[in-house]
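Consider the two complexes below, in which chain A is the common component and chain B and chain C are the respective partners.
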Partner chain A sequence: MGIDIKSVNKRFGSFEALRDVNLSVAPGEFLALLGPSGSGKTTLLRIIAGLEFADEGQVLFDGHDVSERSVRDRHVGFVFQHYALFKHITVAKNIAFGLEVRPRASRPSRQDIDERVQRLLQLVQLPGLGGRYPTQLSGGQRQRVALARALAIEPRVLLLDEPFGALDAKVRKELRRWLRKLHDEMGITTVFVTHDQEEALEIADRVVVMSKGVIEQVGPAQEVYDQPATPFVYDFLGNTNRLPASVRGGIANVAGLLVPAPEVPDGAGIAFVRPHEFDLRPSGTYGGIEGIISHVFANGPILRIEVNVPAVHVAVDLQVEVEAMRQGVDGLSLSRGARVALAPRNIRIFPDH
Partner chain B sequence: MNWSPARLRQPSVIPGFRLTLGFSLAYLFLIVLIPLGALLLKASELGIGGMLAIAFDARVLAALKLSFGASFVAALINGVFGLVLAWVLVRYRFPGKKIVDAIVDLPFALPTAVAGITLATLYAKNGWVGALFGPQTWVGSLFGPKGLMIAYTPLGVVLALTFVGLPFVVRTVQPVLADFDAETEEAAASLGASRLSTFTRVIFPALLPALTTGFALAFARAVGEYGSVIFIAGNIPMVSEIAPLLIVTKLEEYNYAGAAAIAVVMLAISFVLLLVINLLQRWNQSRMRA
Partner chain C sequence: MDGAPRSNDATTEGPFLRLGLSGIALLYLALFLVLPLVAVFVEAFAKGLGPFLAAVTEPDALSAVKLTLIVAAISVPMNLVFGVAAAWAIAKYEFWGKSFLITLIDLPFSVSPVISGLVYILLFGAQGLLGPWLYEHDIKIIFAVPGIVLATIFVTFPFIARELIPLMQEQGTSEEEAAISLGASGWQTFRRVTLPNIRWGLLYGVLLCNARAMGEFGAVSVVSGHVRGLTNTMPLHVEILYNEYNFTASFAVASLLALLALVTLILKSVLEWRYGDEIAASARH
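Moving on, here comes the complex of A and B:
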């Protein structure tokens, strides 16, 4: 099922949670809403679910306006960060809940419900645990029960609010890959909220980056990472270096390096370079930023090198991080105090507000 | 392995197991067990046969029935309305909420005799409220040609017991309801549950342990209540006479053993009932977090 969000605004008192948000989710898509806390991502998800209502704007399911419909009638599967399982009933009863509360006319028979519960327990890889109570399960198992419970009603869309946020790192990684596989098998439109960029980039088809109630950028994970549209996205996604720049006539001066910046107005600017997008060259090489190595950290196959750049236009020294393959830096002296040139392979200049 | 007695204790940041346990036991003995033991001793003067004879005396039986029956009904009423009151106090904001919250505790603070006299005055045939249920009014005529008598009937007993038991259910349910996770309710709604089935299938079961505790406390309080009831009950033997009053009557007749015998019977019944409630609670809890 496709979802369209049209000019949605939402305020909580004087706090503007969402400002003119427009978004389309294609049928069968796996979409991540990514942003720091307070960015409005959870509010947007809850408005899609009908747990919250927009002050202005519409939510369309397959072209039909569902803005006024309550969560009961929207037929969505919702998974909460803290599972929200019913503690007083068994796992099987939890999963059957959505079927058992249906009016008699549309309720499946006892036998059908039992069969479906067994199938779902298989699906979430918890066969034989139907008789347990939620408190007897681990966090990862509980979240899979919550997912099975949401899927039991055969929802039109699956909405997950930081589903792995309360789990430890290892379980989180396993579970998100498993969720992606599950999605590929079932093909159900899925929207999930996360503040973990790694999680979003790894499993989502498209990533929506949000900040302060506004969508900053929407696109395939790789594209959002490689071509951030705004300084916020650059900063939020992955590690990045911020270097002061001054722009004049479409040319930016970044610590002595001249970079074309045709769309940036004259004045102060900020240059963004990711640590792995630097090449280390011998000092004096043309097209590099000169600096002195201050620290070298070995992290498995990656060397992280911090370089002090005496900036021309600012009075402070900057630390620039360089991630480079060990093999790639043979022949260069990488000891503290060595002079090197940093050659960016990819650099973006934004005006500094 | 060295199994010295010290190993049985869990090491703890704050020492003093021996001191606190010793104090607790001594305290329990002084305050609870010695008086109860003396009671048993006094009652045993009659022998088992004598005690049973008193317990099965028609007037005593009627009083016991009224005491436990009215207490049960009062605790049930408090269970229902205490839950509603706790719900309103936790879920909604309204002007004067703090005051309503404080009023709930008043039955704790008021001398029970004052409550009894006030209730008796209000609910007597010519009292403000009692008059509303008289034969002349349309409300009263609903209950037959004589209207509804509240004071000086078993109904009055229930009324007084409901009054004194009110805070228990509210105060036990309130914190549990306040801690109840809103997400759980939202989960039920997202699965298509109506408001009613969300309450009956999700919220109520979560409140049940606290509600049961509140019920048991209100019930126990009502069984032991004396001061407020005697003023409104009318104390007609076989009709509106409660067991505690019967004990006092025996005492006034210098029949100490007889008084003790009735007390022991009450004690035994209360003990069994509270034990059953606690076992039910334990069973219910173990299901949830084994």
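Moving on, here comes the complex of A and C:
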């Protein structure tokens, strides 16, 4: 099922949670809403579910306006961050809940419900645990029960609010890959909220980066990472170096290095370069920023190098972080105090407001 | 260095201090709780079983027991419904005037029960606000059973709500949201999710509310009029007998009241013992 969100606004008192949000989710897509806390991502998910209602704007399911419909009528599967399992009933009863509360006319028979519960337990890899109570399960198992419970009603869309947020790192990694495989098998449109960029980039088809109630960028994971559209996205996704720049006539001066910046207006700018997008060259090489190595940290095959760029036209020395593969820098002296040139393979200039 | 074993626990005090503290606590309990309770029973049976039975089977005493049970049977269910509704509204929704409502629920705890009774006299009494109208329509509230029930409800209504509000606030709304998103109606959500989550707190609230409803003296005394055999509850009956120097009968009825309180306490302990694991499990997580 496809979802369209049109000009949605939402306020909580004086706090603007969402400002003119527009978004389309394609049928069968796996979409991540990514942002720091307070960015409005959970509010957007809850508005899609019908747990929250927009002040203005529409939510369309397959082209039908469902803005006024309650969560009960929207037929969505919602998975909560802290599972929200019913702790006084067994796992099997939890999964069967959505079927058992149906009116008698549309309720499956006892036997059908039992069979479906068994199938779902199999699907979420918890066969034989139907008789347990939620408190007897680990966090990862509880989250899978929550997922089975949401899937039991055969929802048109699966919505997950920080589904792995409360789990430890290893379980989180396993579970998210498993979820992605499950999605590929079932093909159900899935939207999940996360503040973990690694999680979003790894499993989502497309990533929606949000900040302060506004969508900053939407695109395939790789594209969002490689070509951040705004300084916020640059900062939020992965490590990055922020270098002050001055722009005149479409050319930016970044610590002595001249970079074309045709779309940036004259004045102060900020240049972004990720640590692994610097090439280390011998000092004096053309097209590099001159600096002095202040620290070298070896981390397995990767060298993490801090380079001091002496203040030329800026007030303070710049600290630049560089990542390089150990094999790639043979022949260079990388000891403390050595002079090197930093040649960015990829650099983006934004106006500095 | 060998010698006397030393205490390894930094928080463990010397034996004298420990004994002293326990002794003070036990003495205090014995003096102010156990002794009076024992005295009630001793006095009740001071002249043997015969006078005791006579006192508690006397028609006025029986009518007092009956009235007390009726009052509790009306006021506890009413406060149950109100308490659950109020706690639900306060814990699960945001609305204007919420903190005012919480303060209002605490009101009966903070005003003297005598005042609570007087409020009803001022409202429904012969010289009260609605008095003339009630008189014209021949509706009796003050010095009658309805007044006693009203006063009891007023005095006991915080018990259940107060027990439930923190519990429901702590539990949050996500289980209810999950139930509704799975297609449950409001009633189904309440019955299948909310109620099971609050049942222990609710039970405590009901037990406490019931104990107070049966034992309330001040507010009931003001509105009852002390008509023997008609508007006397057990606590009032005890007082009347006592004022007539009929000590044995007075303590006999009092011992019945004390017995009811003890049964309530024992019931609570038995439930805690029987379902302790489950209570702990539902409080956790």
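One rule holds for everything that comes next: the second predicted complex is superposed on the first by the 352 of 353 C-alpha atoms of A that agree within 3 Å, B and C clash if a C-alpha of one lies under 4 Å from a C-alpha of the other, contacts with A are read in each partner's own complex, and residues count from 1 in each chain.
One rule holds in what follows: a residue touches a chain if its C-beta (ideal position, glycine included) is under 8 Å from a C-beta of that chain, and two chains touch if they have at least 3 such contacts.
In this text, all values refer to a predicted model and were calculated from it rather than measured experimentally.
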Practice task
Record, for the superposition on chain A, whether partners chain B and chain C clash or fit.
Solution key: clash
Practice task
Would you sort A:32 into first (chain B), second (chain C), both or neither based on which partner it touches?
Solution key: neither
Practice task
May I ask you to decide whether A:88 touches chain B, chain C, both, or neither, giving the answer as first, second, both or neither?
Solution key: both
Practice task
Mind working out whether A:5 is in touch with chain B, chain C, both or neither, as first, second, both or neither?
Solution key: neither
Handout entry: Contacts of A:101 with chain B and chain C, given as first, second, both or neither
Key = both
Exercise for the section: Answer with first, second, both or neither: which of chain B and chain C does A:71 touch in the superposed model? Expected result: both
Practice task
Pick one for A:215: touches chain B only (first), chain C only (second), both, or neither.
Solution key: neither
Problem - Interface residues of chain A shared between complexes with chain B and chain C - result: 49, 51, 70-72, 75-78, 80, 82, 84-89, 97-98, 101-102, 133, 135, 146, 149-150, 152-153
Exercise for the section: Can you check the complex and tell me which residues of chain C touch chain A? Expected result: 174-175, 177-185, 188, 192-193, 196-197, 281-282, 284-285
Practice task
Going by the contact rule at the top, pick out the chain A residues touching chain B in the complex.
Solution key: 49, 51, 70-72, 75-78, 80, 82, 84-89, 97-98, 101-102, 133, 135-136, 146, 149-150, 152-153
Completion exercise
In their shared complex, chain C is touched by residues of chain A numbered 49-51, 70-72, 75-78, 80, 82, 84-89, 97-98, 101-102, 133-135, 146, 149-150, 152-153
Problem - chain B - residues contacting chain A, complex - result: 181, 183-184, 186-194, 197, 201-202, 205-206, 208, 287-290
